[in-house]
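Dropping a structure here in structure tokens format, bear with me for questions.
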Amino acid sequence: MVVPPHHNWFRLLFVWKGSIIEKIYPRLIILFLFCCAVVYLRGEIFQVKIALNPTPFTLIGVAVAIFLGFRNSASYDRYWEGRKLWGSLVLESRSLMRQVTTLSGLAMDSVEIQHFSHLLIAFTYALKHQLRKTSPEADLRRLLSPELTDRLMQARFKPVLILREMGYWLQQQRQRGQLDSITLVTMDTTINHLSGVLAGCERIANTPIPYTYNVLLHRTVYLYGLFLPFGLVDTLGWTTPFIVVFIGYTFIAVDAIGNEIEEPFGTEPNDLPLNAMCQIIEASVRETIGEAVPTPVTVQPLIVD
Amino acid sequence: MVVPPHHNWFRLLFVWKGSIIEKIYPRLIILFLFCCAVVYLRGEIFQVKIALNPTPFTLIGVAVAIFLGFRNSASYDRYWEGRKLWGSLVLESRSLMRQVTTLSGLAMDSVEIQHFSHLLIAFTYALKHQLRKTSPEADLRRLLSPELTDRLMQARFKPVLILREMGYWLQQQRQRGQLDSITLVTMDTTINHLSGVLAGCERIANTPIPYTYNVLLHRTVYLYGLFLPFGLVDTLGWTTPFIVVFIGYTFIAVDAIGNEIEEPFGTEPNDLPLNAMCQIIEASVRETIGEAVPTPVTVQPLIVD
Amino acid sequence: MVVPPHHNWFRLLFVWKGSIIEKIYPRLIILFLFCCAVVYLRGEIFQVKIALNPTPFTLIGVAVAIFLGFRNSASYDRYWEGRKLWGSLVLESRSLMRQVTTLSGLAMDSVEIQHFSHLLIAFTYALKHQLRKTSPEADLRRLLSPELTDRLMQARFKPVLILREMGYWLQQQRQRGQLDSITLVTMDTTINHLSGVLAGCERIANTPIPYTYNVLLHRTVYLYGLFLPFGLVDTLGWTTPFIVVFIGYTFIAVDAIGNEIEEPFGTEPNDLPLNAMCQIIEASVRETIGEAVPTPVTVQPLIVD
Amino acid sequence: MVVPPHHNWFRLLFVWKGSIIEKIYPRLIILFLFCCAVVYLRGEIFQVKIALNPTPFTLIGVAVAIFLGFRNSASYDRYWEGRKLWGSLVLESRSLMRQVTTLSGLAMDSVEIQHFSHLLIAFTYALKHQLRKTSPEADLRRLLSPELTDRLMQARFKPVLILREMGYWLQQQRQRGQLDSITLVTMDTTINHLSGVLAGCERIANTPIPYTYNVLLHRTVYLYGLFLPFGLVDTLGWTTPFIVVFIGYTFIAVDAIGNEIEEPFGTEPNDLPLNAMCQIIEASVRETIGEAVPTPVTVQPLIVD
Amino acid sequence: MVVPPHHNWFRLLFVWKGSIIEKIYPRLIILFLFCCAVVYLRGEIFQVKIALNPTPFTLIGVAVAIFLGFRNSASYDRYWEGRKLWGSLVLESRSLMRQVTTLSGLAMDSVEIQHFSHLLIAFTYALKHQLRKTSPEADLRRLLSPELTDRLMQARFKPVLILREMGYWLQQQRQRGQLDSITLVTMDTTINHLSGVLAGCERIANTPIPYTYNVLLHRTVYLYGLFLPFGLVDTLGWTTPFIVVFIGYTFIAVDAIGNEIEEPFGTEPNDLPLNAMCQIIEASVRETIGEAVPTPVTVQPLIVD
């Protein structure tokens, strides 16, 4: 996630880092050079004049803008839903820790509470690693017993198994008389909510916006940019490349941003800072049970992963 | 579902598989040939010049784009809601398995747990078959006893009856003292959620977007394509067919994609991969109770059904 | 509801049944004749030339399209929410039947269960009749005792009273020891959900989209159609009537569809099939308790009411 | 709320009552006269020709339409959310009455039940009066004891205190053994939902759409109308005033409707019929406990407050 | 928050306070002067004529309007969600106070109730200070014991710790026999809802709309304003600066409003009145337990922070 630097309106015009232009400038340069060639040749290809005027671009432009707008909204909804799910993760892990420490009869510094809190932190990291397709081994080994880590590393659905471990923990506390049916069921419901976060994240990660949309919009945007100079060259002359690149910048950038935030759990600049959120949850859980909290990083980088 | 192949922006322009163009290219060829005829005849039909210019298309084009945008959003919402419902199915089946194994006093490898887990898997397949209007018999027979399968095959609402079987199972466990009222009611609530998934899927499958919308948009799009060459021929000449096909491609493709994802439970390329999701649920449930999990398919095909 | 006949793209262009054109064709014919008159008079009224060109229609057209799009979305949301509510009705009636048969200690074929299931079916029909402003007497008399029917027919809020009867039934079962507080409260919650369906349907039925919107949009659309031929006649000549009817068809049709689905509980072709859904609920409830299920109608009509 | 009179499409064009034109016609007359002056002066002010053509209005018109569309959606969402909240009020008051009569052991005609039902009706009226900033004294005095009315009239948050009174009532019934913890908590949850309706209504009433939006849109719409005749006068001549008033009517009306329904709890024609809804709740609650129900008004007025 | 002064339509045109024009007028003056220079130089820069006409602005204008519309909706959704969360805070704090006073056996004026209510008020202020990045020390010291205040001031997640304190309070009351499991769990759920408000506010405060959107839109808007005079100067002459500033005003204002309400918890004029809402909650909680309520401020200022 790019942390917005709060520039004023003037400086904002010249931002480079965190702007999508970093990514698409090669395409814009190609487009600019192509336009220059078109102007130089006065819109002729092999001595054949391509008869074109701006009218068709008016017809198609509105449609493209509306469909890009639609794709954009859909991408942003996915991004924001992903963020909501991780917000729920923060919420539910806090609730669960509060319930475990106040609804059960266990002492705050008991081994049981500590084990449970480590399971909870491990769940968070396991989810992050699953979404980013990286190995959770280091984080799991840091938090859990070697046996449990080994068992988890063999399983296909690691976060699911960690939730089941939490279920067993609750069952044990009930058998030991620390919980009655009502408090047990209350905590089980909170675990269900964690499970809901997991299922929601999997849904976003595994089901993209239908691929044909992307292909269609992508093509329409680039065909539009390809035809546009022929339509403008007769009236605008050498102003054409600047105007086409300006229009192309807007359309291509929106297409590219949509592509980037459509999959919000990756590690591109505008994706969600899953790493930072895992650390916040770890700090929050550890603070609850009085364990040492890692000091927050005071240097704020421009991009948080 | 088409698994996006992560091409770069350039290769994406030439994708064929999974693109809607696979489906609509015959219509685009017809449109192209029709435009050529119009240009050849200079916009005359039986020596009568069809007086037309681009203005009316500006008037109608925005409207068409907005209504197509509306239809598209509605279709996508249905698609995404369908996906959410199947995500809930994953979630609730995991929760139910966790509750059955940790809230009841039954051993993990007991016959009762096994029977319940098979009911749950059978529910998933029965739902898939109902939505795709295929016969669930093979899957039911694989999972359930012959008597139960026979009884189910005679029933009209198969998934409903499977849920009722789960309800009886809970009632029996309670009568045997394995569950108290509170844990019983908690699991009953989870079964209600499964029932909610079923009702939601039935709603999407049985109630299309009002038919008149589709008829209206379809007609407007094709009439637009029919009239357009007459409006452009006088100024664009032989560029007309290319421009009309470009504009027609955008509108017809959006119309066709909307049609395809409007019914997300079918087997067209952009529909939801119900089959794969059933297998994931089966694997997940079996892993919970320690049964053999079918190895995930490692070869990732382009299209998952 | 019109059951979509799955025509291919070509046949879809010539559909008549279930298309809104069935309803609006007289207005389109009037518009066509009016345009012909305008062309014949060369845009003059009593020898005064109406100076008009297409520009103002560009200005107003986008606005009209956007506001029509807004009204359309609002109408469709009402339609879809109505459908969701009836989907919930299916869901909650199934849940309630499952709870009544598995959470209570009553035998499936007992008189109590039968009475309760008939109350539930009667609620569904009473809701349908209230929404369509028809008399529920025949359906109530078919399902309930004469005394109860008489009492209900005198009441103003019939479905509310049926829900209260269900509440008494629960109270009686609890007093007879068939239910404890927890199972009682669980079923009471399900009855609340039925009550929520009722309140939601009443909301949609009693509160239209603010009337001024309809008046405004209706007027703008028709004024637009009235002025348009004067703006096009100078450049398009005898092509004008065809183009105006084409544009008029799109706008008038969207206005008319919006009007139709705005009140989704009526009996117009695109309204919701409340009748069919009542029958499905009745069949589903009766199947649960082993009563004879009316055979589903196999002939699928084009329009389901 | 304007009750739609179900005119056919033709009569709908000439509706006056309930149309926004009732409110804005003075502004449209001013705009018409201003346009006439512009045409008479041929677009000159003090002999200086205002050089303007329709192009800038194309540029700005789309933007204005889109932002008006946005404001409109936001206003309508507030209107519809307000309606949903009052729908919930109907629902929750019914549920509460059913719970009070069936979950407690109290007789239907007992003083306690009567007192509780009057508290519930009083809550509804207190909410209405708070939202409309009128005095609830008459209604409270009609329903509650003089002492309680006096105490309420001194409080700042009257509906909150009525809900607290309901809470005390529940506490008393529990102490008298009429309720156990579970039924108590169930009813407390329903009271929370009433509290949620209150908080939601306060939110809508106290937090308008950010004021700057309204100022901006209002200004843009009126500046647009002010400039427009200068842009059209050269080509349209004396048709200008009619066209400008037509375009102005659409924009000004949408702006005015948005303003009206943005605050849905007032007493303007298109606001919600809070009064009627209070009476429906009163009738519904009284019917439940067998008290005399005021006969529904049979004459249906055009506007319900 | 700007309290809307309810001017009539005419006075609304000349509002200065609370209008965004207060903030952006320097940019509009710069734009005006720039346009004047362009007109004076007849669109030439260093004797080179910039060939431009309005067509490209038609192409880009629609796109910009649609994307601005999208950003605007997203910003407004954040604003309104923030408001909803604070509305929930009002709701949940009332519910919690009602539950604490009616579900527990504690006397209204007991020390325990007073302590709990102060924790609740402190939570509200701590949340406000965290969102506005100000020090909560003064407010905490005013409400809580010195020891607790000191402990809180050292913690990183202050509101979380206050909620945990509430959890301990519940645990104590249960150990003292004032609460049973069911009432305990009911109040714990309400505390979860408070925790949900906290997590939701953190989400909005910490995760902006992806930064690239803002950069892109900002740039497109200002480039549009920069190019526009060159496109209009040939046809409009000295009318150009007025028209460009009018168009620029609309776009720049929408961009600036979107920026302002995107972060709704700040102290800019259109941000949410967190301060006032804290005071309302404090008054409401104190009224419930009969403590002195600070008299509401009768002078209504234009802007509430």
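For this structure, a couple of remarks:
A, B, C, D and E label the chains in the order they appear, each numbered from 1.
To be clear about the criterion, a contact is a pair of C-beta atoms (placed from the backbone, for glycine too) under 8 Å apart; a residue touches a chain by one contact, two chains touch by 3 or more.
Note that the structure is a prediction, hence the values are computed from the model and not measured.
Of all residue numbers used at the contact between chain B and chain C, under half are used by both chains, marking a mostly different-residue interface. Fitting chain C to chain D on CA positions gives a rotation angle of 70°, reported to the nearest 5. One inter-chain figure worth recording: chain A and chain B are separated by 24 Å, centre to centre, where each centre is the mean of the chain's CA atoms.
Averaging C-alpha coordinates per chain places the centre of chain A 38 Å away from that of chain C.
Chain contacts: chain D has residues 58, 62, 64, 66, 69, 73, 182 touching two or more partner chains.
Taken as a graph of touching chains, this assembly is arranged as a ring, one closed cycle with exactly two partners per chain. Those residues of chain C that touch chain D in the complex are listed here as 27, 50-53, 55-56, 58-60, 62-64, 66-67, 69-70, 74, 155-157, 160-161, 163-164, 167-168, 170-171, 181-182, 184-185, 188-189, 191-192, 195-196, 198-200, 202-203, 207-216, 218-220, 222-223, 227, 256. Interface residues of chain C, counted against chain B in their complex, comprise 1-4, 9, 12-13, 15, 18-20, 54, 57-58, 61-62, 64-66, 68-69, 72-73, 76, 79, 83-84, 87-88, 90-91, 94-95, 98-99, 101-103, 180, 182-183, 186, 190, 232, 235-239, 243, 246-247, 249-251, 253-254, 257, 260-261, 269-270, 272, 283-284, 287-288, 293, 296.
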